[in-house]
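One chain, chain A, appears in both complexes that follow, with chain B as partner in the first and chain C in the second.
Right after this comes the complex of A and B.
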């Protein structure tokens, strides 16, 4: 799976997170920050991670989640690593 | 301490079974309609469930939709408000009851006429509670972790905020951004009135100037089956005839759901800004039976409740301060109704007042009961009408067994002797004062006195 495919799938996940304004996803890049750019409530990050596990059929370790950064790139890296 | 402070009620709103608005609720109350229906969801459980009638509110009736989780079986991920009343970020942290609380709070604040600076003040509080836990969230969450073996994180980060004990108060406070006290009073079926009473005290004692207060009980089959298991729910009548307080053939209450929110404000400030004052709170009192019995009603506990209410109202002369209406708890259970009627008669006598039994129309809303019934009382004051006690067709002409006991100190006449107090249809009359009574498991009793405001 390419990074572009992961990004596409990730955006599909983010469109189901109703606390993220959909218009902001039109310009999302790997440098976008969930917290500062998308105003994602920090509590939603665990929900996004759980949905990513399902969508990409991967399993994150607790340490992966604990150390996850807030940029889109961070979760793309994690998915690619798996 | 501000001993002279009085407390006004300046707003009210709620969620009522089969009603699309407060005015629709009022219309149905005073046209003697029942809000109780056959509950199709309960019938799905066949012989495993005993009662199948309820006063319930569906998602669609509140213009809400649910988004079910794709990760967690039968788990509501979040809700959609099709009328855009509540922002998505607030919906994310709310169970259905909390959404009802937020919608009703917005409406009550609008009726109160509070401006943003007043709502967002340190002198504005939120005091709302519910009788049950967040059962509709907890059930699938626990089932998926314990029985289906999923990771805890898969359930997501909103199980706690959607099930914690004071979730409705927390969600309302986060929505309206109030800066004062945010707490819940939890006292079983006295919860709704308990929150209003506590809010009254916070304002009376000068701690807060304005409070959004009330009680919630979200539609929950999980809550319903708990009471169904106790065999305390009405059985054997049609839906609209199932709740029948004081009737000889009553055999249990109707488990119902809803929400009641009122806006309280320190009277002088409400008057100064020209608010429409729905009522003034004369006093509030609550106590416990003290007899060690979790479930049984207590005549002596209710006697002390009345005396405490009169003391708090600062009016010792009960003849001069007699309410025109006593809004009873009146659940339609065999033991509860008889003790309550006799304790009211013991204190009030037998003339010049009526009983109102709203549960006869909409059932027992548990943690919301006291708040929704307080709204019913406010509507009675506004409309100058006594809501009826439906289905109280036959009162017992024989004394209750406990009335024959040598140690019984209450009235000895059978319930039928008090027929004139219990209207089966709406009564129009001058109403200046209403006392509301609510009780709960654990032997908790609560009473509030409301009066029409006279400048």
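Right after this comes the complex of A and C.
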């Protein structure tokens, strides 16, 4: 799976998160920050990670999530690593 | 009080019979769970607390709404997540307590229907809605219950279906409905670094 495919799948997940403004997803890049750019609550980050597990058929460890940065690239890296 | 060595070595099927003060990290003035009465680890829990005069000090003799939420959170997400994490990590409740601190993450909604005064015993009845990455979400209700009722005996044959439907005695008074009560166990070492 390429990074572009992961980004596309991730944006599909993010469109289901009601706390994220859909318009902000039109300009999302790997440098977008979930907290400062998308105003994503920390509780949603866990939900996004759980949905990413299902969508990309991967499994994250608790430690992966503990050390996860707040940029989109961080979760893309994590998915690619798995 | 449960012997610490016993808690350290013993594995449990549920939290019923365990004293909350032995596994929760709150000090006496902030511990809002007296007893666990029913617990199916992946489904939910029922626990009770009776507010004291100290609990309502400077608040018109009424147990505060935020303290009701705290009591529900301690009974549900903190207790249940702690138990499940022990199972996952194959460690004791004491070991877990030494590694993590419970953090309140968010509240979906709360509607208060009634109030509680000192001596009013209440139950938190909680359904686990989500648990992953040490984060738990629970929904449920708080009911005021008769003071002399043996709650553990009352809930002995209770089922998850009865919990989901809140099949309870008409003598129980609905006090609050809560949803999206969310908490996460944070590593103590992370908090120490940040401080």
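Worth pointing out:
The definition used in the following text is that the second predicted complex is superposed on the first by the 82 of 82 C-alpha atoms of A that agree within 3 Å, B and C clash if a C-alpha of one lies under 4 Å from a C-alpha of the other, contacts with A are read in each partner's own complex, and residues count from 1 in each chain.
Keep this in mind: a residue touches a chain if its C-beta (ideal position, glycine included) is under 8 Å from a C-beta of that chain, and two chains touch if they have at least 3 such contacts.
Since this is a predicted model, take the numbers as computed values, not measurements.
In the superposition on chain A, no contact is made by A:7 with either chain B or chain C. Using the contact criterion defined above for the overlaid structures, shared-chain residue A:54 touches chain B, although it does not reach chain C.
Using the contact criterion defined above for the overlaid structures, shared-chain residue A:66 touches chain C, although it does not reach chain B.
Applying the stated contact rule after C-alpha superposition, one finds that A:19 touches chain B and leaves chain C untouched. When the two structures are aligned on the shared chain, A:35 is found in touch with neither chain B nor chain C.
Chain A residues 41, 43, 46-47, 49-50, 65 lie at the interface with chain B in one structure and with chain C in the other. Interface of chain C with chain A (complex): residues 105-106, 130, 132-135, 182, 184, 187, 190. Only residues 67, 70-71, 78, 80, 88-89, 91-92, 151, 153-154, 156-158 of chain B touch chain A when the two sit together in their complex. By the touch criterion stated above, chain A contacts chain B in their complex at residues 16, 18-19, 41, 43-44, 46-47, 49-51, 53-54, 65. Residues of chain A that touch chain C in their complex: 41-43, 46-47, 49-50, 60, 62, 65-66.
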